[in-house]
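Pasting a structure here, questions to come.
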Amino acid sequence: MQSTNFLTEVGLNHYLILSALLFVTGMTGVLLKRNIIVMLMSIELMLNAVNISFVAFSKYLNNVDGQIMVFFVMTIAAAEAAVGLAIAVTIFKRFKEINIKFFEHLRG
Amino acid sequence: MLLSTILFLPLIFALIVLIWPQDKTIRHVAFGLSIVEFIISLIVLKDFDASSAQLQMIEKHMWIERFGIQYFLGVDGISLWLVLLTTFLTPIIILASWNSIDTKIKGFHAAMFVLQTAMLGTFLAIDAIFFYVFWELSLIPMYFIVGIWGGARRIYATIKFFIFTMIGSVLMLVAIIYLMYLTQQASGHMSASLLEFYKVKIPFVGGSILNLQSLLFFAFSLAFAIKVPVWPVHTWLPDAHVEAPTPGSVILAGVMLKMGTYCFLRWVIPLFPDAAEYWAWLFLSLGVIGIIYGALVAMIQPDIKKLVAYSSVSHMGYIIVGMFVFNHFGITGSLYQMLNHGVSTGALFLLIGMIYERTHSREISKYGGLAGVLPIFTIFFFIITLSSIAVPMTNGFIGEFLILLGLHKAQPVYVYFAVTGVVLGAAYMLWMFKRVFFGEKGELVKDEKHPLKDLSVREIAVLVPLVVLVFWMGLFPNHFLDLTKSSVNHLVTNKNKYYLEIKE
Amino acid sequence: MGNDAFEITINLIKLVAVFLLIVQAVPILVWVERRGSAFIQNRFGPNRVGPLGLLQLLADAVKFLTKEDFAPDKAIKPLFYAAPVFALIPAALAFAAIPLSVPLEIGGYVFRIQGYEMNVGIVFILGVSGLAAYTILMAGWGSGSKFSLLGALRASAQVISYELALGLSIVGVIMMYGTFNLTEMITAQQGAMKFHAFGYEITSRFLPNWGIFYQPLAAILFFAASFAESNRLPFDLAEGEAEIVAGFHTEYGGFKMLMFFIGEYGHMILGSSLMIVFFFGGYGLPGITVDEVRSWAAGVTDGAAGASVLTTLIHFLSFTVKLVLFLWIFIWVRWTLPRFRYDQLMDLGWRTMLPWALGNTILTALVIYFTSVLI
Amino acid sequence: MDHSLLMAILLLSPLVGFLINGIRYKNPTANLSGGIATAAVAISFISSLILVADLIGMPAEARKIHVSFFQWMAVDSFKINAAFYIDQISAIMILVITGVGSLIHLFSIGYMHHDKGVTKYFAYLNLFVFNMLILVLGDSLLTMFVGWEGVGLCSYLLIGFWFSDKEKAAAGMKAFITNRVGDAAFLLGMFVLFATFGTLNIQEMNALAPTTAEASWLGAITLGTLFLFIGATGKSAQIPLYVWLPDAMAGPTPVSALIHAATMVTAGVYMIVRLNPLFIVAPNTMMVIAIIGALTAVFAASIGITQWDIKKVLAYSTVSQLGYMFLAVGVGAFGAGMFHLMTHAFFKALMFLGSGSVIHAMHEEQDIRKMGGLKKYMPITHMTFFFGWVAIIGIPPFAGFFSKDEILWMSFHSPLGSPALWVLGAIGAAMTAFYMTRLMCLTFWGKSRVPKSVHPHESPTLMTIPLIVLGILSVVGGWVGIPEVIGHSLGDIPNLLEHWLHPVIKPIPNLTEAEHSMEWMLMGVSVSLATISAFIAYHFYVKSPETPEKIANSIKPLYNLISKKYLVDELYFGTIINPLINGSKRLWMFIDVNFIDKITYVISDLVRGGGGVVRALQTGNLQQYAMLIGIGIVIALSIIIMR
Amino acid sequence: MITDVLMFWFLALVVLGSGLAVILFTNPVYSALSLVMAMVGVAAVFVTLGAYFIAGVQLIVYAGAVMVLFVMVLMLFDLKRETHSFAAGKISGALKLISVGLFAGLVVGGIVMSQGYFVKENEKSLGAASATQSVNTVAGSQTNLNVVNTDNTKVLGTVLFSKHVFGFEALGVLLTVIAVGTVALARSKGGTHAKH
């Protein structure tokens, strides 16, 4: 299946790999960035990557449930963004900076 | 629909209380609502068919089909009076908390109503999982009642209470799930209904704890024994009682402890008859030890509330003993003693709460000579004391007598030990009574600047129903026993092949 | 995109044409706006260059193009330059999804008179027009100016807020027609008024079968919201001259400024078009179905192609007339109503329009349910 | 009138009195509340008179009035009715209770006149009468037990009537708890008997008892009756549970008269008599009863000799006399026991009331060393007290003589008795004569040792009337039961009491015909013993008051032991109560605080410690957490893919 | 066909490029704008997969609302360039990168190794079920299996409001909670340590 016509025959695997790479990109952001907001954005990126997988599966498995999942993911992403940003704003109000290190107060 | 109404009305009441706009009138509203609940619950009494041992007024709907979990309510002679006890005590408690709860009134009443639902659910649910939900639900409002409105060491007490109870419950959940699995083995479809559980024959081999029935028996028993509490897992009770606010203590002693004993009758004994019979010696011994130990330890407590708490341990010992003799007298006596204990210990806690409101102390040594200062209070306290030490013509006597009679019929040896409880009970109560009410005026009583006020009309109104009940139950026990008779009869005669039919 | 090279080419050309349509409409609109405002305010307006000042458009264009292209020192250059370019895109893209006339059928090919056909047109249009907020933000922040930033924040907050009302207000319409497809909506609005209720079929010869008669509240809400979306008076808080000079485009001049204008007018056109599509029968003639027109055209011309061209032209004309009317209303309102205060604006959006839109949705749902299910 | 109505009146009229006075408990009007209470008991008395009259009208074998009001409780085979019946035995009791009771109520009006809690007092007194009637009339052991505990309760309340005094409150508590020990045994007895007979109904049990064979020397009936007897030792103050009665003198004196002399303390005797068919088939129990009774009689009398408190002397005398009654029933002479019960009720109530009158006159002084020569101040009291005295020491023809003598004779003569018992009884009788005479001498005769501040005076009429009535009864009360031997020699005076009781008393098995000469001789011995010791006492305490002290000094250790009541209280405290309390404390500390709770602490510490270890991982660095998640996923994925 | 392929590669490039840009830009505003770009790209990917409605929603929700919030917040904070945009230390940074790399390798490897396993499995199960009824449709709607590739909005709606209605309701609750929580957070003054 692959090797010969990898470039010309786009299938499920292509989308999955695209999704995986996008996910990894987002993950890198989450792991390495200092700015909370950028971390949040990276999370959004990861979620989007997952969405690609869902939709791709939905198409190639002929099952509409995958797209429903995308809905749910989107809603949760929106919610997460709202709360995350609110927290970021609160942190910013206090420290005038939104570095992730301020969250270390929350250790157990 | 009646049982569902009774069961969930308090939840609606809790909501009403929560959204009630006026803080001033919230107590009145809650009181009125709880009275409504009580009146509705009286309909159950009216519609109850005393001649039948069947499960009555059932409501059955499938809840989670895959596991055979049902919304299943029903009442029979065993649970009837406990339901009424719950609905009866709630208005009294609300009325009694008029002054003692002065912060977060709204939350308190809401918690109270939620607790009422949980307790009623425990008594009414016939489905294991459904039952378990209520069983656990009852912990939460109680946790808050003790934890928010409690005394100085309330957090310690709540956590102890919670953890003790949780440990038992978790084992019970495992056992319930296993029983559900057994129903599937037996009948092919999974069910959590108690009636299905009854049909399962659980293998039993005497001589060892490591057989299925014994293990399940102990898993259930531990949960209920902690709730009761049976010696030696009783230590959460004194702490919880001492730290709980008055209404919390009352509901704890009055109803919550009964959840444990009731469940022995509803679950443990019918479900595991062989194991129950085989291990009866253990529970009889623990019960008798509880009776004596509770009384002895109660005697030397410096704190009135702790004394009453330990007396609860002693009284609950009687109830446990009564159930494990498996005859009419014992089981009837246990059922009756549950009600008695609810009424009289509840009233004791109320009374202690009233005096605590006035003096803010529960140290016995700081009192003395109260009888001269607060005569009405003394009269009430004395009547309740009599009920607590089981003087004839009060309710306590009937229960204690029947239990001991049953114990003697089944296991005469134990009764010689158990009967010391009769003496010790009188000893600790009267000694306490003497130290608090008689003698010279104690340091709290003689304070001239703040003379103690005798009971107000409201407080009398709180106590009168209880006192009336004390004598009513003592003089006309048949009014109460007649309704439980057929169920107890059914339980005793069919213990080893217990089943419950549904009354249409 | 198409099945063969010819089709693809035509489709690409179509796309460009629609874009140009918007761009070219702008100078005319500017002229209309200036003359119209003058008329309303009892002035002359541009009347020196050309007849009725028509050539003013050219003059203006030349002026804009020849102005010095500068950027403020504090500006963030990439964003500053990118913003005007992006300003064009949302409106143009969205407008491209609107069907302007019946499809043209020539020689086996069917050409839709719209940028591209989309099954979920409404969602797409809403989505794309939502992107407009970025251009504003980019411009505002990229300018490196306080006023710009404030204006941008105001404007984008406003856009987001009203997007909700906008989206919700047309939910009723969508439910009624049961489709996201704009063409299908227009088809459903053809002919005389006719609807089913409680098992009866009710017809009225005198009224066209337009959405406005079914969803009047939605129409009002949508129209108001599209004013806000396009940042026009009475919702032009983004450029409250007295407070923040000119809002997000304070620092812009010349051609870049013109691009913002184009964007704004593009939004106007888009809003008007959507009004027409949703509530005024789209390209359809009032009370007359496309088939009736087509059969008439077949009688007038010979050959299927000719009839098709005629039908398309007639409907395009119909659309244009409606569009012009609505654009005039836009201008009219701008010069009639005063500007809101910012809190009033937010109040109106969140506390008035949103609940009404929600109510409308629920009501529509109920009516649909009762008329269709509970006969 | 209808019997059930009469019975209801009989029972409920004191209860109504209690309720009325109980509701107006704060009202200090002695006359009104006393009137109500007395009237209530008097009504009872009248209705009991009517009932007894009806009873007399019945044929001798069918004399029984049985009234069942309602079913009290019914569980399976166990059915108890709130039913009451009057037979020959209980007829005597209700007459004594209501008759003596109303006299004592009357007396109390005067005695308690100035007390603030007078209304409460009368309420308690009425409640007591109510409970006592239930005890006496109940047709089953359980009904009897209701009254049994009820009178104990009233006794508790009345002993601790002046509760602000710590000692008195403690005395009440002591009485109740000691009684409770007996009650617990009573309960056990009921259980055993119920297991044996399947019923607790007294008549049914009495009917079944002769047909039930006793399996061994400690068979079910013996065991049951033994338990019942232990119950009786509690209520009737016998060894070993007598300790509460002397302390019970803390209550108002009329209370001592009514409860602790005339009625309640005799309940044990009454119970045994009522169950006599049952007891008679358990000879071992009977033996125990007789021995305990005789021992108590001597033991208590010996303590009585050394007491200085007028009421204490009477209290020990009561214990001693109760011992006689138990001796009587123990040897099977149930009739004699009943007889002595009745006469004792008369003369002991009289003496208590008399002492009350004295105490009243002496302004609450109870020490007889501070009295003396009261004869001239209080002639009526002295006179009536004198009748009581002669009655109790057994001088013919006063009441005590006949009853006591019959007991002594039966203890000798009955096959259940023995000469040893007679000897004990006779010693007791001598001691009784001694200490009663001592009391008489120190109180009424001899020189006055009254402090200057006190001016003794005769009590008001309200108090003297009961004294006079009881005095007369002390004189004539014995004539209903003149022994056959005397009656015969005086010209066939019948033994009315014996005839009356005959149908309900089971005869002693193997009773031989009485030898009259022996009976005469023993009678002579006991009377002369009593007379001699009375004379000695008179000599000691009137003629040469220094002699007793000399004797006491010469046997100092013994005297001290006796005057300290043989240190029984100390013994009980030292061996039972204190170890119990200290042990409980240790138990609590050891089991609850140090063991069970410690276990929970250990568990919680373990959990907390474990948490502490894991806590180190929680650096608060979000990205580190994320990295750990990532590494975890990598590991999980590798495992999945490698498989 | 070729257009679809070209489209995919183009979009993949755009999406991955802008995704990388998100984490590589030191200026968070650029990151955010890149993210918008990525999202629009993802929406386009959805279009190529035939999920038009999802694409539209993606535009409305993500690009239109969520990201606007991000951008607004960033602009409000006015965080210019950050000198240390990456937080990690040497060792942990290396560890993180290694784990990310391994993760990527494993996932991609897994996907490649799976050889379209899912599709085959699905076809197998479909083959079993196709005789009776179509699997992916809800009861009552007689749409064919190929529905995903054409206009599936109606199917989407039907499934969402029947099979997944519980999840839908749960999301409603979630959103309410989030709305309340956000308002509460935003109104608090300076975090949890502040004294009111």
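Which chain is which? They are A, B, C, D and E, in the order written, and residues in each are numbered from 1.
Quick note on the criterion: a contact is a pair of C-beta atoms (placed from the backbone, for glycine too) under 8 Å apart; a residue touches a chain by one contact, two chains touch by 3 or more.
No experiment lies behind these values; they were computed from the predicted model shown.
Novice: Going by the touch criterion stated earlier, list every chain that contacts chain A and also contacts chain B.
Specialist: D
Novice: Expressed in steps between touching chains, what is the minimal separation of chain A and chain E?
Specialist: Graph distance in the chain contact network comes out at 1.
Novice: In this assembly, which chains make contact with chain A and also with chain C?
Specialist: Common contact partners of chain A and chain C, which must touch each of the two, are E.
Novice: Of all the chains shown, whose C-alpha centre falls nearest the centre of every protein C-alpha atom combined?
Specialist: B
Novice: If you average the CA coordinates per chain, which chain's centre is most distant from that of chain E?
Specialist: Greatest centre separation from chain E goes to chain D.
Novice: By mean C-alpha position, what chain is farthest away from chain B?
Specialist: Chain centre farthest from chain B's centre: C.
Novice: Can you check how far apart chain B and chain C are, centre to centre, with Cα atoms defining each centre and the answer in Å?
Specialist: A distance of 72 Å separates the two centres.
Novice: In whole angstrom, what separates the CA-based centres of chain B and chain E?
Specialist: 54
Novice: Using Cα averages as centroids, what's the distance between chain C and chain E in whole Å?
Specialist: 29
Novice: How big is the gap, in whole Å, between where the Cα atoms of chain B centre and where those of chain D centre?
Specialist: 37
Novice: Going by the contact rule already set, what residues in chain E reach two or more other chains?
Specialist: In chain E, residues 53, 57-58, 65, 67, 87-88, 96, 99-100, 103, 107 touch at least two other chains, as defined above.
Novice: Show the residues in chain A shared as contacts by 2 or more other chains, in ascending order.
Specialist: Correct list: 27, 31-32, 100-101.
Novice: What pairs of chains are touching here?
Specialist: A-D, A-E, B-D, C-E, D-E
Novice: For the complex, give me every residue of chain E touching chain D.
Specialist: Those in contact with chain D are residues 87-88, 92, 95-96, 99-100, 102-103, 106-107, 109-110, 113.
Novice: Quick check: in the complex, which residue numbers of chain A touch chain D?
Specialist: The contact residues of chain A facing chain D are 27, 30-32, 39, 100-101, 103-108.
Novice: Contact residues on chain E for chain C in the complex?
Specialist: 3, 29, 33, 36, 40, 43, 52-53, 55-60, 63-65, 67-68, 71-72, 75-76, 151, 153
Novice: Sort out for me which residues of chain A touch chain E in the complex.
Specialist: Interface residues on chain A, with respect to chain E: 1-2, 7-18, 20-29, 31-35, 37-38, 40-42, 44-45, 48, 51-52, 55-65, 67-68, 70-72, 74-79, 81-83, 85-94, 98-101.
Novice: Which part of chain D faces chain A closely enough to touch in the complex?
Specialist: Answer in residue numbers: 615, 618-623, 626-627, 630.
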